[in-house]
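We call the chains A, B, C and D, going by the order they appear; numbering starts again at 1 in every chain.
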Amino acid sequence: MPVPETYLSSDEIASRIPDGALIGVPKEDGGVSMEITRALIRREARDLRLLTVPVSSIQADMLIGAGCLAEIETSGVSMGEFGYAPSFRRAVENGDIVIRDATCPAIYAELQASEKGTPFMPLRGILGSDILANRPDWKTIENPMAEGHNDPVVVLPAIRPDFGIFHARYGDAYGNVWVGARRECVLLAHASARALVTVEEIWNGNLMEDDRMLAGTVPPIYVDAVAYAPRGAWPLSLPGCYERDSEHLKAYVLAAKSADGFAAYIDRHVFAKKASG
Amino acid sequence: MEYSREELLICAVARMLDGCRNIAVGTASPIPGSAALLVQALSDGAARASILGSNIHNPFNDGGPELFDRAGQGRVDAFFLGGGQIDGEGNINLVSAGPYPQPDTRFPGSFGSGYLYFSVPRVILFREEHSRRVFVDKVDFISAPGWSPPDVHRPGGPYALITSLCIFMYDKERHRFRLDGLLPGATLEEVRDNTGFDFDCPNDIGPVPPPEPERLILIRSRIAGEIAETYPEFSRTRLGWHG
Amino acid sequence: MPVPETYLSSDEIASRIPDGALIGVPKEDGGVSMEITRALIRREARDLRLLTVPVSSIQADMLIGAGCLAEIETSGVSMGEFGYAPSFRRAVENGDIVIRDATCPAIYAELQASEKGTPFMPLRGILGSDILANRPDWKTIENPMAEGHNDPVVVLPAIRPDFGIFHARYGDAYGNVWVGARRECVLLAHASARALVTVEEIWNGNLMEDDRMLAGTVPPIYVDAVAYAPRGAWPLSLPGCYERDSEHLKAYVLAAKSADGFAAYIDRHVFAKKASG
Amino acid sequence: MEYSREELLICAVARMLDGCRNIAVGTASPIPGSAALLVQALSDGAARASILGSNIHNPFNDGGPELFDRAGQGRVDAFFLGGGQIDGEGNINLVSAGPYPQPDTRFPGSFGSGYLYFSVPRVILFREEHSRRVFVDKVDFISAPGWSPPDVHRPGGPYALITSLCIFMYDKERHRFRLDGLLPGATLEEVRDNTGFDFDCPNDIGPVPPPEPERLILIRSRIAGEIAETYPEFSRTRLGWHG
């Protein structure tokens, strides 16, 4: 399938994201657009605020290491079995980045409030935690449904990313993208002001007109721009398509432990013309 | 019957999961995963294991929020959590050691703990490193508290704590851990020396009971194969899987 | 494909729904299980409470006409272009049924609260309406996120049907059912204590193992029982499969305008062995 | 150029939709649907029509809650509602005439009106029957109020009212309808006689402006074909479609 004429390049998409924007990204097995991540680093984006939905790994770590972020709201940044996320850890320990600690379902709830256009969303739990104690934007109210007894419940504000950014399995010529069962990408697209998407493959036909594809499709009303990026989640996985590149991730963790190592990694894998290894 | 340390722990965890219908297991958790699959295999369809990262042993399909939604509904009976620090009241810290927000050591973050610790009735804490650095008197940051005042809606909380030396059970009334059994090679003195919090200890503390032989056979046959889908290396080196 | 051994008949499913149960059903183009509806009438179910998600047509009207319902929570019952819903209108005008008037997104919000296990959900709008005035279970609170000014917002309690009942395009031998993009059925399944489902066709394979089907699948953790019921939505439509039977619906409206006409309709189309025309 | 009543109304509605980017149309609404498709065709991609019941002209795919969620986000600019009763302040009643809950006449119910009337900036009321039974001084049941006190978050509300006799525009400041134009054959006297509420009326009230000729051509060619997917009978008998 030819790439649709309306498609942009990943670098063109990155140029649409102004410094200071609030961007939302899915967790590492949810269709991460590493291609747009690399493009953001290439364009030397600054002061971005990152919302991880609800956690992240190399994507957040690279953006932090490259100095693109002023702030991060997250439930966790980790390289999983490959160890801690070196740039994240260093930046937080050095106070180089504003951290807004959350817990996974709270981030979903903040986005669901935005998705529904409701000003807040209640969530059980969290009470008595230092997460709550450090989030002046999260409030505690009495459950209005409880009668005759106290029942405190946390309420979370709607959060609307300027851009939701993810990598989808398919895109078509009509502006649709297909994420299958990755509901966090659907949520991100619905909750954000606009979505910016890279796609692995071009779908022959209209995804909205295929009964079987419809449930996993995000239509153009939510999608601002699409880029064709085969292996666009590399070195992370794209479910049903390719596994993550464990050797590469292991090497990244090692490299990112020093500023020089990180710079060399970025030079080779981000600024070099051909981004995928 | 000879058995490995992993097999011993799988059986110990499986006992803790007795009667659970929905057991969810997060990332990097081969022992809890194996225990959950064992309970599922023994339950004749009554128990379901949800292994994060598995394509087969995963009863969910609706994306990230689903596990939390099901836990909120009371449809998740058991879950596993770790902690960079854990204290004697069961408070867990997955965020950082030292002053917040600019700490001495930053950990990854709280993940789902701030919610699941409240909503899942049996949360089993798993933390290999048994040291005073980890098991502290008071955590530096509460990702999730071990207990809550009576007006807080809280069906969930800590159930047990498993370390490289021993197993503690959590006493919900007293908000304290009680030593339940020692792992092979560990002594009570060693546990005391390496634990920064005060805990209860019965006079007759003994070893963690050995695996039930029929369960051991099941682990080495069916469970080794099932867990290998998600943790092939673990299954090969620890459970003798030849798949 | 043979019908899986675990499947029940629609009448067996109806026998699992005790008198007095709260049942939730989707709107008319959302996969209505008319087959279970007919089975409920055959077993002379009584005092059921019906939640329409969020509106209904012939399904609610038949259950009312046959005396199965004590109560209905709905945003609307209408036969659309075929006219008003005769049994519904008559029962409400005669005070034969308790009516809890709602508005569509409020019913979704009540179910979403149940889906999340949160005690309530906020929703904009509704203020100053007689819908709100007649729903003592709906409360008004001040938006806890508003600072320095009044901002009333309605909060709705979680509602958890005892049974969510719908008709799905496919079912497989593993207990999965596929509803495609009918998210209201997914919501109903998640929010209800259990789902009871009829399926149009048996899927060869495991729906959870097919990447393209996964997004539209409801897995067995939510589904209590499945029955095979080809044309099980008739005379309503099943999207992507068959259109509604307009002639039949027109004839139903005419018949249901009198008690005798309704009785004759039920005799012929519900109590007769072969339910589909 | 000759034109039908339907073509006149389609053009009148299209003028009301000027500048709207997302226009949603509910069931049984061929004239609003045609107008929305006309605005979409004229907008060169800037406006999107969502026709309930259409497979092609429907930008949504995520089930029942989606339209309401988008409206709540401010992503729906225009919508159409009816009413069993409508009063002079713009209150609409889709529930019942007479005492509630056991009324003299039960209507179907409020559908999405209790929400969309608050969230969609331009709600156009469509009600053919122009009688004192419908256009009452005060509705018996408020499905959705025409206006709200200033502390109520309310980006939406009534914009216009179209009947078989005339078009009213809604004055948001004064919470009153203002007669804007008469439909062919209708007189001001007839409107007054059949309206149960008080309304404003300019001295120089005239007919609703005729269709713009180039729009009329577009309706008969492209729009007739597009709306025929959802309303074939309407398109055939009213717009002369030969598909």
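A few notes on this one:
Definition applied: contacts are C-beta pairs under 8 Å (C-beta built on N, C-alpha and C of every residue); 3 or more make two chains touch, one makes a residue touch a chain.
All values reported here derive from a predicted model rather than from experimental measurement.
The set of chains in contact with subunit B as well as subunit D comprises A, C. Ranking C-D and A-D by contacting C-beta pairs places C-D first.
Rounded to a whole number, the gap between the C-alpha centres of subunit A and subunit B is 29 angstrom. Subunit A and subunit C, compared by their mean Cα positions, are separated by 36 Å.
Work out the mean CA point of subunit A and of subunit D, and you get 40 Å between them.
Across the assembly, subunit D contributes 61-62, 65, 68-69, 72, 119, 153 as residues in contact with two or more other chains.
Of all residues in subunit C, those that touch two or more other chains are 116-118, 123-124, 143, 151, 153, 181, 183, 186, 214-215.
Of all residues in subunit C, only 26-27, 30, 53-55, 74-78, 80-81, 84-85, 88-89, 92-95, 99, 101-106, 108, 112, 123-132, 134, 143, 149-153, 181-184, 186-187 touch subunit D in the complex they form. Of all residues in subunit A, only 114-119, 186, 190, 208-209, 214-215, 217, 219-221 touch subunit D in the complex they form.
Of all residues in subunit A, those touching subunit C in their complex are 109, 116-124, 139, 141, 143-146, 151, 153, 155, 157, 179-181, 183, 211-216, 239-240. Of all residues in subunit B, only 22, 48, 55-56, 59-62, 65, 68-75, 119 touch subunit C in the complex they form.
By the touch rule above, subunit D contacts subunit C in their complex via residues 27-28, 61-66, 68-69, 72, 94-96, 100-119, 141-145, 148-149, 151-154.
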